[in-house]
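Chain IDs A, B, C, D and E follow the sequence of writing; residue 1 opens each chain.
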Amino acid sequence: MAGIFDFVPAIVLLPFVSFLVALAVGNRLPKGGAFAGIVATAGSFLLSVATFFTVSGGQTYNQTIYTWANGLDGAVTLTFGLLIDPLSAMMLVIVTLIATLVHVFSLGYMNDEGETGLPRYYAGLGLFTASMLGFVVADNLLMAFMFFELVGLCSYLLIGFWFREPGPPSAAKKAFLVTRFGDYFFLVGVVAVFATFGTAAFAGSESFPHLAEQALHGEHSVNTFGFEPRTWFTIVGLLVLGGVVGKSAQFPLHTWLPDAMEGPTPVSALIHAATMVAAGVYLVARMYGFYALSPTSLSIIALIGGFTALFAATMGVVKREIKQVLAYSTISQYGYMMLGLGGGGYIAATFHLMTHAFFKALLFLGAGSVIIAMHHNENMWEMGGLKDKMPVTYYTFLSGSLALAGIVPFAGFWSKDEVLYETLVHGLGGSPILLVAYAMGLLAVFFTGFYTFRMVLLTFHGEPRSQTARDPHGVHWNVKGPLVVLGILAATAGLVNMTPVAELTGLEIEFLHQWLGHGIEGLTSHHYVELLESQAGYHAAEIGPIVPGLVSLALALAGAGLAYFLYNDAEPTEHTDKLGGAKTVLYNNYYQDEYQVWLANSLVQPFSRGADKFDQGVVDGVVNGVSSVSLLSGNRVRRIQSGVVSNYAVLLTLGLTALILGFGLLGGWF
Amino acid sequence: MLIEGLIAVAFVAALVVFVSPNEYAGRLAAALSLLPIVGSLYMWSQFDATGNALLGGSIAFETDFVWLTLGGLDVHWFVGLDGISMPLVVLTTILTTLAIVSAWTPIDTRQSQFYGLMLFMEANLLGVFTALDFFVWFVFWEAVLVPMYFLVGIWGGPRRKYAAIKFFVYTNIASLAMFIGFIALVFGLGDSVSSMRLPEIAMALRGGELGGFAGLDAGALKLAAFVAMFIGFGVKVPIVPLHTWLPDAHVEAPTPASVMLAGVLLKMGTYALLRFNFTMMPDVAQALVVPIALIAVISVIYGAVLALAQQDLKRIVAYSSVSSMGYVILGLIAYTTYGVGGATFQMVAHGLISGLMFMAVGVIYNTTHTRMVGDMSGIADRMPVTSGIFVAGAFGYMGLPLMAGFAGEFFIFQGAFASTVHAAMPLFTAAAMFGIVIVAGYLLLAMQRTLFGPFRFDGEYEVTEAAFHDVAPLAVLLLLVIVLGVAPDLFFQMIQQAVNPILQTGGGL
Amino acid sequence: MSALLALQSSPLPDWAAVAPALILALTGLLLLAIDSINPTSSNSPVLAGISTAGSLFAFAVAGWFLIEGTGQAATGGEISLYGDALVVDGMSLFFTLIFTIVAAMVSIASMDYLSKQRYQGEFYALVLFAATGMVLMSMSNSLATAFVSLELASLPSYALVGFLKDNKGSIEAALKYFLIGALSSAVFAFGISLVYAATGSLLFPDVARALSGGTGMTGVLGMGMLMILGGFAFKTASVPFHFWAPEAYEGAPAPVSAFLSSASKAAGFAVAFRVFIEAFPITQLPAGVDWVLAFQILAVVTMTLGNFAAATQENVKRMLAYSSIGHAGYALIGLAALSANGPNANVLGASMAHLLVYGFMNTGAFLFIALVEHWGVGRTFEDYNGLGAKAPMASVAMSVFMFSLAGLPPFGGFFSKYVLFYSAIEAGFWWLAAVGAINSALSLFYYSRVVKALWIEDDTSSLELGSKPVGLYTAILFAAVGTLLLLPAFRPVIETAQTVAAALF
Amino acid sequence: MTTKPELNLGSHLVPGLAAVALFAVMAAVFLTASFPEPQGFANDASVVASIGYAMFDLDFGGISSESFLVAFEIIDIVLVAALVGAVMLARREPGTTTVKLVSDGGRRLRETLSKAENGETEDES
Amino acid sequence: MVPPQYYLLLSAAVFCIGLFGILTRRNALLFLMSVELMLNAANINLVAFSYVWGNVTGQTFGLFTMAIAAAEVAVGLGIILVLYRDFGDVDVTKVTTMRW
């Protein structure tokens, strides 16, 4: 039957076609290929929605569609395939929706601002979207890795879009390089998965999570390279996690993300909300059945997530540029998702992934709108008072900010709260390490509230603090439209899964639970819960969601209140100065960049130069030395030929005598 | 007789171009070099070999007759193709044409000689990849040196004479070492072989027919011969620490010669390693797995680290070739389908990609007359198309998925990680894989400093977009890289068929 | 013993087997006759033509004999003449091919080189007499014949080296060549006398027979053997009797250098092969006179010294002279890699084949020098700069010679050198091959310097080359084509060489 | 010109030690060798006649010998060749000047010639 | 009857005296004469052992050696003559324009 699933490849291919179109004939198209991109992504969006509904009807799809490398004689066959289950269907919708909105927004941000190189821009967007979609629908780890890498390439191209300036190329390089460092571990992980299981499929009875599970039960034997199966699976899982840490900007590989703000703002929205950064977390969710087998992996994920959430949030407190604040908030929020995954809250994390996609896209686009208005000045200290000049932007931005801060009933509240709740529950249920992560996550709520409202207040409230702020540039429908759509979503998306409300009222309104609870066997949230209990030893403590929810809400409000208290002036002062040395540390991001730059410049560079000297001097020196010695000895040898014939006669005689003597002695002639 | 025809066409084309006037030589050479492409593609379409040519598999386009007799052993004119050599033949023909076209701009003196030598080199390269008799193979193997010497020496950079002679003598010494090792081995086989045909020798060696020779018992002889041949071929590959001729040769060589050098000549080394050491003496190779794997890892990491320190774009790519060829060695020693097959695939893939990179550097050099990273920045502003392809090529080099380099490297990694020849192979593999990070480091750094940022160029030349015929070969190569990256099975199927028989005493599939 | 040619209806008499030598000698006399009839005429083309024709005729006859199997097992084995003092067999015919073809090339090249010289008749006559001596050397079956024919080859050579009487270099070369030559022939003669003292005979088979019964004069025999070896070492320019070679080759007229370094060297090997294999067979030697060891030492030292000294020369001709010493070292492998039960015929045949190829490539190289001297270009590497652009044909030929000498394909020298190493390995002497390999790699360095000068270096002088001399060009291109064709057509060469070598054992 | 031989002992005799050394080795070898009993010639045989017959490969001699016919023939050519060579070398050329060896690649010669063309005078030492 | 050793010793002595002359004299003519001496040392052996072995092979060959010596002298003198013309001297050690 030619069902909707037969069109799933088109979801990926449409943006790809728009990439080709923009690249090839973008110059001749109106708006530099923007319309091609919009049409393509909108088409993808529609198909995704159709897919979404098909999946909600209970259908799933897991099909190999292309053999990349066919292994003969029993060697592994490497394939591409589609895996459409509730998780990927949901993600498809999110990605295509945000991609479409970003395309539209770009009309305002790029075209209207008279940027050059638009075909390149739209080609990049198209490829970016296509890569991310390919990643989302991947049915095996290798395919996921490949698109994961392509996502990295696109981020490089788009972050470095303004290549004529010094900053963006450097930021692009850093983004690719740092994530590449993570991907190295990921690739080792992929290879290890193949070597261990002979397959890298996500779903089905021959999938590697399933095989791993069987191996732990002793029902199936796999090559674990001499380790205990669970130890080995932990190692493999952590290797793959390297890629996640890189792409999702988790500590310590988060440093690329703030720099990536050098890219055009719509790209930032795309990267941080729905594509590249989300890819990491999505990957963990995708193969959650594997991680769920290893409590060690889960704890590490949770700790990384919790720490990153807090760590990034503190840095967000002191930033001056609006996009920098958003950048650190992104890192922090992905920390929450990791915390959720590590803490056994698969649904919670997925939920947060979804809500975050909406409100973070919103915030970035809103910031983009502000930046347009401010003539590309991003310093919040030169803004102020924009509330009245750009109401649409303000209210939508406020919606996103409330969501980010986790204020009820905006989307972020529900999802973040559930993340923290799940962690707490499992932490109390016998995995005390999670409590540490929980504490960090909880503390971060306060900071989140603070920096979010500091940003809002500095940007929109008070008096304009610069000429441009007094007379901002207007924005068009193409900017406002996406903002409104996302603003609504940011406010409402959380309603799909109001766990505390469900708890209170007993209503069956946890739609996301139901959604993720069905689908392909082995990939359902129910199965994951079983695994967590049986393999990872995660047990849920009996605590209701209300109290923890109230605690975090209170903290968020406290943070927001403090910000209001400090910055709701007509002429706010830089209170952060009072932090003294701590501000310097925070402003310099705990010197994270410094040590990584130090590693690169003061360790790797001298090392490589030393190696070069060694190579030139010693390795090549030996080669040249052999040649010199040969020629020198040649020069000595030819001096024998003195030109005096008498000397020749002497040498001849001596030679002959020596020969005779030698042979005489050897042959016993005497 | 197709193979003879292919080689003969290239030889005749070389002669014709030699005597043609300088003005037309480039066009003529390019046109004539299309004939071998057509030929090799036709052969590809008719390719029907299965199995490994050396291990009893059926051989495509085989010709075999006695050429002469040397001390009781017949030397045959014996040529043919199997799944290992077929891709390399296609690579050679295509790359030659593209290199010739890329020479139109930079080569402005003695054109007829230049293009004649290019075609002459092509003929010999085809011979290397098709010959199945040791002596025939060796003739072509050595003959490749001659045109390369001239190409570097006449049309090269400031230190071209040094580089040419270094390349010449260094690789020649290596050949001699290899020759002695191999011949000793053949005589160690005694009466069990009657000719210098490689299949016969390979089967006899694998059949355990080796006896002692010249005071060495069979085991010692095999080991000594293996080491001599490994070193001999290793120079060509090149492996660390036998690599120092390569950067010099590359830096001084004119772009088209660099393309051929990196694209095809280096593959001769790995091809020979595969054909000789790893096919004929799997037992020794596996006994030496630790040193060989170590050499591979060191080549990868050391080459990459050196590339990091370079300021000359060509030197960067040159050292990165050392690094990339280290992967091939790693794949070979793995003795798995994906390891050895991936190594073979990587030969083709790296041939295309390194050719692309050298060409791209060359196109920039044509305009700026410098390759030093510090001498320019923001070139992308003036040369957008070239820079775009440069970026694409660089990402190909970094192993971007869906480009050929990723396929090759991934196959190798996968094969090597799963290899059972030694318990530490996963560790070696993981160590070598770190090369993908360093390669990204130096290529990105170089691109950032040259292509991007504000436009700055201190030279007196005007920097403008390159001519169509300069960019076209780049685009074709890029396309091929992507095609092979998306559909590696185009070659990987036949490669596997040829490779799997090698593994039967090895670590499995 | 009838070496009757199977296809001949009226068989030739046995003595006809020395026809090549006769032809050469008679041509020499004819030239003298012409010269004495008209002593003032220096009609180059006619004299050179006669000389070339005579050489080629001898070449053709020798080739015909070889093909027909004269003196080979197929037609009844070797032909002994003059009471066994001369023997015509495959090996002597094979070497005759080398001498005659080199003589032909040298003769035709000399036409231009000598065009302004007096005594041309004498020149060609001396060349032919020397060639006669070489042919006879290869046929010698007695130490007496060997000695006399060696002198026949040497004495005209001395005169030829000094042919440019008003050129100091030529005379200096002649003097050194002569003095060392005279010393060497004295040593040689003394050696013969000692062997005679030990065995009582001069005929190779008789010497061997006398040895097989054992002797009490091992020391005397051994010393005689080493001194005879010295005589041959002189002829082949092997250490320590090589000292004349660099100067003689450098100072001599270039065609003479070509003749000496190719043909004369081969003649030395021809007679050395026969003497040591026939008269002192390894299997029948008394203990304590293992001459194989001597040749091993000589081979290693000679090739090393020749190549190392050649590496740093500034003068191309002198470089070629040293390289010629180096090649003598390679050819010595033919004797150095023999053993009691080894594949001796293969080793020896490989050495012979190398000498044949060497005859082409080395003659060609020296003739190129002759061409350059003819043009008045200097002799150093720098002087050669940019010649490739001015004289492409000749420079291509020179490059062919250089690469072939270095052992690179696709030229004959590749095969001959590698087959030599191959045979050495086959005989178990892989270390000889290894030493050869190191030297070979070094030789690539200095040979390629010539190529580099011709093609790579920029021309700095404004010297105009003169005409393109027909004779020199003909000879050079002939040599180049020969060098090139000897790769694909190596089969008859190596197979013939190894077959005829087998007959010696 | 040759001078009257005189006994001049000095460092130039040192190379002669090589000859002395060779003699020492030879003497050592010869003195330790054992020799067969000399067979001698038959009393009635004419040595001179035998030599003559030997030269022409005739079997009339009383004392056996190997054939030297071919050597004799070769000597014939040797002498001719030596004569030709010697005469050619020894003949004095009318009005020729000696040319120095062009071992410097002829550069000095060319410089001399070009200077001469430019009217400069070369101060020959 | 004189033992054969004595002849050998004599010839060796003559040979080495000739050689000594070659090594120590610089005059080309003396060089030539010394070579003659060495050749004659060979003749001593040849004649002596002709008697020992009872055949005239050695003696006959001795004649040839002499003839060769004569021919050598002829050519040698020719060369030395030209040498004198070109270099104005017959000191062999002064003829060193070519070396190394």
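In this text, a contact is a pair of C-beta atoms (placed from the backbone, for glycine too) under 8 Å apart; a residue touches a chain by one contact, two chains touch by 3 or more.
Please read all numbers here as calculations on a predicted model, not as lab measurements.
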Pieces of the assembly after leaving out subunit A, positions unchanged: one piece
Shared chain contacts [subunit A and subunit D, defined touch]: C, E
Innermost chain by mean C-alpha position: B
Chain located farthest away, centre of subunit C as origin (C-alpha): A
Remotest chain, subunit E as reference, centres from CA atoms: A
Rounded Å distance, subunit A centre to subunit C centre (Cα mean): 77
Rounded Å distance between subunit B and subunit C, as computed from the means of their C-alpha atoms: 42
Interchain centroid distance [CA atoms averaged], subunit B/subunit D, Å: 60
Approximate Å spacing (C-alpha centroids) for the pair subunit A, subunit E: 96
Subunit B: positions in contact with at least two other chains: 169
Where subunit A touches two or more other chains at once, by residue number: 627, 638, 641, 643, 645-646, 649-650, 653-654, 656, 660, 664, 669-670
Touching two or more other chains - residue numbers and ranges from subunit E: 4, 8, 15, 19, 22-24, 26, 52-55, 57, 60-61, 64, 68, 71-72, 75, 78-79, 82, 85-86, 92, 95-99
Every chain pair meeting the contact rule: A-B, A-C, A-D, A-E, B-C, C-D, C-E, D-E
Residue ranges of subunit A in contact with subunit D within the complex: 646-647, 649-650, 653-654, 656-657, 660-661, 664, 669-670
Footprint of subunit B on subunit C - complex, ascending: 343, 346, 350, 403, 408-410, 414-415, 418-419, 421-423, 425-426, 428-430, 433-434, 437-438, 440-442, 444-445, 448, 451-452, 455-457, 487, 490-491, 494-495, 498
Partner subunit A, residues of subunit B touching it in the complex: 166, 169-170, 240-241, 243-245, 302, 305-306, 308-310, 336-338, 378, 380-381, 391, 395, 398, 400-402, 406-407, 410-411, 413-414, 417-418, 423, 426, 429-430, 433-434, 436-437, 440-441, 444-445, 447-448, 451-455, 486-489, 492-493, 496-497, 500, 509
Contact footprint of subunit A on subunit C as seen in their complex: 175-176, 179-180, 183-184, 187, 218-219, 222-223, 226-227, 230, 239-241, 243-244, 246-247, 287-290, 293-294, 297, 305, 307-313, 322, 442, 445
Sites on subunit A touched by subunit B in the complex: 67-76, 142, 145-147, 149-150, 153, 156-157, 160, 163-166, 168-170, 172-173, 176-177, 180-181, 183-184, 187-188, 191-192, 194-195, 223, 225-226, 600, 604-605, 607-609, 611-612, 615, 619-620, 623, 627
